[in-house]
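Please see the structure below; I have some questions.
When the chains are written out, they are named A, B, C and D in that same order, and each has its own residue count from 1.
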Amino acid sequence: MSVLRALGRILLVVVAGGFLAQALIVFAPGYSADERELDPGLSAETRQTMLQEKAKDRQLLGNYGRFLSGLARGELGTSRSLGRPVKELLEDRLPVTLLAIAKSVTLGWCLGFTLAVICFAYPGSPIETLGLVSTNLLLCLPAALMALLLLIWGDARGSAGVWVVALALTPRIFRYSYNLLRQSHESPHVLLAMAKGLGPIRILFHHVIPPIAGQLIALVGLSVSLGLSAAIPAEVVLDIPGIGQLAWQAALSRDLPLLVNLTFVVALIGTTANALSDYLLAETVPGQ
Amino acid sequence: MSLILIPFLLAAAATPAELSASKILTGGELRFVLPSEPKTLHPLQVSDESGELIRYLTSGSLVRLNRVSQKIEPELAESWKLGDNGAQITFQLRKGLKYSDGSPFDSADVVFTIQKLLDKTMVSPAAESFRPETGTVEVKALGATTVVVKFPSHVAGVERLFSGLSILSSRSPKKEAVGLGPFVIAESKAGSFLRMTRNSNYWKKDSNGRQLPYLDGIRVEFQRNRDIELLRFQKGELDLVSNLEPEAFEKLKTNPAVTSLDLGTSLDATQLWFNQVPTAPIGAYKKEWFGSQAFRLAISESINRKDMARVVYHGFGVPAAGSISPSNIFWYANELKAQEFQPKAALARLQKEGFRLDGEQLKDKGGNLVEFTIVTNTGNKVRERLAAMIQADLRQMGIKVTVAALDFPSLIERIMRTFNYEACLLGVVNTDLDPSSQMNFWLSSGSSHAWNPNQKTPVTSWEADIDKWMRLQSKEIDPKKRKAAFDKVQVIAALQSPIIYLINKRTLGAASPRVKNLKPAILPPHMVWNIEEIYFAEGAGKVAK
Amino acid sequence: MGLTPLLSLYLTAEYPGKGTVLNGVSLDVQAGEILGLVGQSGSGKSTLALSILRLLHFKGGSDSGSILFRETDLMKASEKDMRKLRGKDISLVMQSPLASLNPSMTVGNQLLEAWRAHSKLDGTQVIMETLRQVSLSVDVAFLNRYPTQLSVGLAQRVLIAMAVLHKPALLLADEPTSALDALTQAEILELFARLNRENATAMLYVSHDLLSVASLCHRIAILHEGRIVEQGEPKDIFENPQHEYTRKLVNAVPTLRFKSRELIPA
Amino acid sequence: MKLRRIIACLLIGLAVLLLGARWVAPHGYEQQFRDFIAASPTKEFPLGTDALGRDRLARLLYGSRLSLLLAPAAAAVSVFLAALIGGLAAFAGKRWERAILLATDLTLSLPWLFLILTIRGAMPLDVQPEISVLITFLVLGLLGWAGPARVVRAGVKKIIASDFVFQANAMGTPPRRIFFHYILPNVRPLLFAQFWISLPVFILSEANLGAMGLSVSEPMPSWGNLLRELESQTSALEHPLQNWWLLAPIVLLVGVVSLLQVWQQRPKGSL
């Protein structure tokens, strides 16, 4: 039953998201414009056709209805700027991004959470300061700059995208989990655990972390969404043929069919990740 | 000519005939990067630069523009003849040529291609010039090797239309996937790369009878980020970079491991114009300024183009005189000169028009502060810097300029639809030498008549004059007379300055020293237009992947 | 008293930003004795308990002086040695029973954990016995409960069970009854008295409630403004308070006699 | 604490420096010295000049002013919204929770770029840079709540399950009081975490929105576009030590954010 409800919620978000996205795109300035118009060689007739085609898109509800019914039949439409079926584009690019995000979220957690635990274990020490400053540095570097640095120093072209996203996630994961750890550490039962004579490792894994597991899990779900949004600049800068790059191209050329589909995908991934984390939250944390 | 080609280039551009055959090595894969993925690979439908390049490398056309001499040369057609007062052209085709899949080439293919192009359902930039406003184009084959194309009326410089037209196969089952070009597409990964291999049926041979092209293949990757492209080029992962920004070029020049190539002044110009659309949603007094010749000239005189060339272009740009770059050897009007920087003259001119300096601010005769906004597109560093320099120059004149960088579609909507802008700074890319391709821009009724498009009748007498001379040049057959007419247009445009031309940048590129026989040119595809003759120096057979 | 005390301390403690909380507090606890430490809220009673366990840094405080436990100075003990001591020789019962239990662990597991912290032997037997001793049910269903499913009284008993699992020589009880209702409070006090009798556990019983202290403790120390102002047997303290602050405390319990008769265990 | 005092002095010193940029910086941020293009530091230009010959020190000082004022404000707005909405989701019952989670998921997946373009379209082209940058940060702040709201919700749920809220409930404390006095103060560490994360992110996003025409435009500098400028300085990045002055914006930003953080962190125990 709760699974059905979760599915219903995902569906609702996706459908509503698609519609809102369509409205946002169609009514944004520049929608009716086309780069080709600048070409003096373009004939008046072609110009007229282009205009009419885009003017039709303003009938939001009808268009969206048609789009949804097409979707129900498994047709995603054709990208206007690339002239290829959206389905094909997604099949090409979705796996690239998903795999990269899975890797970066894992990597980001390994780095961020480990760093948080280390800083937590040595409060007030230079290590803690170093952790804070280094994560600040990561936050302050623009994605493009980070990508360039990785290329200059790391020569890691293949995995640079994964690293950029992971390093964008690391400071967020670090800071949240670091604060949660500190907060949890202040609760009386941790003091009592110490008074029991337990070792620090046991206290960390059995008394400090479990009570905040729920919040950490919520953060895992969120980091998938964050990873997805960090992937867009990373893919654009590094020219990784994933959906981030595709989304950027689509946005620049106001490619409505492609953009609406991409909103679907993003909503689907984000909501599913969050629904999963909600489910885990309910499962693993007693009493919640 | 001496302006355009730098001597050291000529040394690199030795023709194969001058080299002994043994020195030329076959093989190797040429690698470079394009800023975007081609939107389509259909040769008749390509509309973007990347698609155009792939089309050029994989297909053949009846004639070809020699990018260095800027003359039309025979290609699939051995020869051609104009007739019927320039309304008809007859091509004599080469015999025995084969498409990449082995299917034969003859006049049927040419007829097929042109008919396909004329098909109304074909959305094709290439087709636009084949669709005259009145009447239709007719094409027929006279035997296997002769094709006649008949236009309803005279078309100026008609042969150049065919230099960009890829001839499709009418018989091959693989349709437009086969071509007559030096390479065929072997593999492509969407958004990532495209690999081409040599067309073993390519018809050209070098002077020693060796089959061209020399290269085994080409690998084109799609990468927008120029900084990364440069980094990879310097690491030796790429063989060529073209369209370099001056700043990057200057850095590469100091690198002994690469050959930097200054190909000469490009046909492209950066320009500024004021909105003169009568219905534009801007203040009436501003419309009056923008419609005033004196105001426009004064602005033009207040801009220090030499500083722009030196600061923004690091010396790799020249002040522009008009829409036609001095590199356009035939069409450039020699009497034109770039506007000098004359702030004093500009001020005097403005004062004559009733403008006056009030303290540090300029006011018009109605007492309005002289200030306006320049829109430009985002993401172009050079253009944003130019805007900042104009801002600084005009501040000296007491004019306050605001710069608004907009994303491209929003910008187009403003300058082509809503006309909700005051001035626009934009770069214009020219790929065609012939002014006939600019009709839509010069005619007052044209939709690309930037400052005031789609006029029913010319608003000003000078626009009427331009209309007259442009129509005349398009009807004329004698090139000299056409040139004389177009010179008039250029002079009027300079005098009235509806468009303030700023800088023609130089076309810059760089190549790995192992790439031989480059004949880089200012016309696209700058570095690889003679791709079939390019080869690698020793060791090229083993290319690291 | 001629015997060497089990615990003998001399302490000064402070928190950054708050200043000195304990200012040369001197206390002795004899083996088997229940010493009551009474003072206002915020007078540093909890600080004292944490200091003895060398856990004051946990709350950000720092301390100095000496804590002689069985004639060893805990101030000089290593963290490793302290860990061996905590929960085994000196254990702690805190004031908010529900918060002091780990919400994400079952009661049984927390007990087991407390046992395993100091013993490699099978603890089931001891745990069952201890649970019985603190009058808790020993069935599996109870052991599988999470702290959120317990009442405050039950939780306090679990805490006490955990604290006495290893039959410590000294039990630090930090306001163990302040969160409890009157009835439960009485039961817990009785439990402490019994544990003291049966196990001979010495206790430092910290409270602001003079009444409960009087009913349980052998000796009372009054803490005021970071110092011990008076020490003595309950009778002396009540009948003949020396220090002005003690007098105030005693006078603040007007219905003492009436209530104490009800509360003092038989 | 001594450390806090030192940090406070540093920050105040910086604020004075920034406010007095007009007197500190030897030149105006827009003044072009066209004979000194991309120059290395000299006495005249302590941090060198940029591609148009403008004094980098002046640009850094003027650019820091706006960003340092507005980015924290935007971060505060987004954190405040996240606290309110996330708290409400956990607190106000199942129906609200579902509605809010739905809104959160929607917000996280919509292409807001187009809203930003629409806002730009609605503003006059020659809008004052101060106003456009204010709007930019406001938009950023208003759109930034969704992610953290989820984390806050999880935190609040945990707090709601805690004793003292239970006790407060048992004492008949009105829900509104519980929300503002019991729950919000206790998610503070989470909110601070969010604040410190979003601060530099907002500064960087400002540059991205500037590229959409929604922020400061030439010749005005901002931290965001100073940082973005670095992206094309490949050779400087390859040899950062030889080109230290180019890295000044990053150093300053990281420094300021870190100092503020350390200053804000109260010593343990006094919480």
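Note that in this section a residue touches a chain if its C-beta (ideal position, glycine included) is under 8 Å from a C-beta of that chain, and two chains touch if they have at least 3 such contacts.
Small disclaimer: the values here were computed from a predicted structure and weren't measured.
Trainee: Of the pairs A-C and C-D, which shows more C-beta pairs in contact?
Mentor: Higher C-beta contact count between the two pairs: A-C.
Trainee: How many angstrom lie between the centres of chain A and chain C, each centre taken as the mean Cα position?
Mentor: Each chain reduced to its C-alpha mean, chain A and chain C end up 51 Å apart.
Trainee: Using mean C-alpha positions as chain centres, tell me how far chain B is from chain C in Å, no decimals.
Mentor: 88
Trainee: How many angstrom lie between the centres of chain C and chain D, each centre taken as the mean Cα position?
Mentor: Going by mean C-alpha positions, chain C sits 48 Å from chain D.
Trainee: Per the centroid of Cα atoms for each chain, what is the distance between chain B and chain D, given in Å?
Mentor: 43
Trainee: Do you know which chain C residues sit against two or more other chains?
Mentor: 96, 99, 103, 148
Trainee: What are the residues of chain D that contact at least two other chains?
Mentor: 117, 120-121, 161, 231, 234, 268
Trainee: I need the residues of chain B touching at least two other chains; which ones are they?
Mentor: 227, 231, 407, 410 - these are the residues of chain B that touch more than one other chain.
Trainee: Please list each pair of chains that are touching.
Mentor: Chain-chain contacts present: A-B, A-C, A-D, B-D, C-D.
Trainee: Spell out the residues on chain A that touch chain B in their complex, using ranges where they run on.
Mentor: 29-47, 81-84, 89, 92-93, 144, 147-148, 151-152, 236-239, 241-242, 245-246, 249, 252-254
Trainee: Could you pull out which chain D residues touch chain B in their complex?
Mentor: Contacts found on chain D: 30-32, 34, 37, 51-53, 117, 120-121, 125-126, 210-213, 217-219, 231-232, 234-235.
Trainee: Note which residues of chain C are touching chain D in the complex, please.
Mentor: Residues in contact with chain D: 15-18, 59-61, 96, 98-99, 103, 148.
Trainee: In the complex of these two chains, what residues of chain B are touching chain A?
Mentor: Chain B reaches chain A through residues 36-37, 39-40, 47, 123, 125, 128-129, 131, 189-192, 221-225, 227-228, 231, 407-414, 416-417, 437-441, 446-448.
Trainee: Considering only the defined contacts, which chain D positions touch chain A in the complex?
Mentor: So the residues of chain D in touch with chain A come to 98, 101-102, 104-106, 108-115, 117-118, 120-121, 147, 150-151, 153-155, 157-158, 161, 189-190, 192-194, 196-197, 199-201, 203-204, 207, 227-228, 230-231, 234, 237-238, 250, 253-254, 257-258, 261-262, 268, 271.
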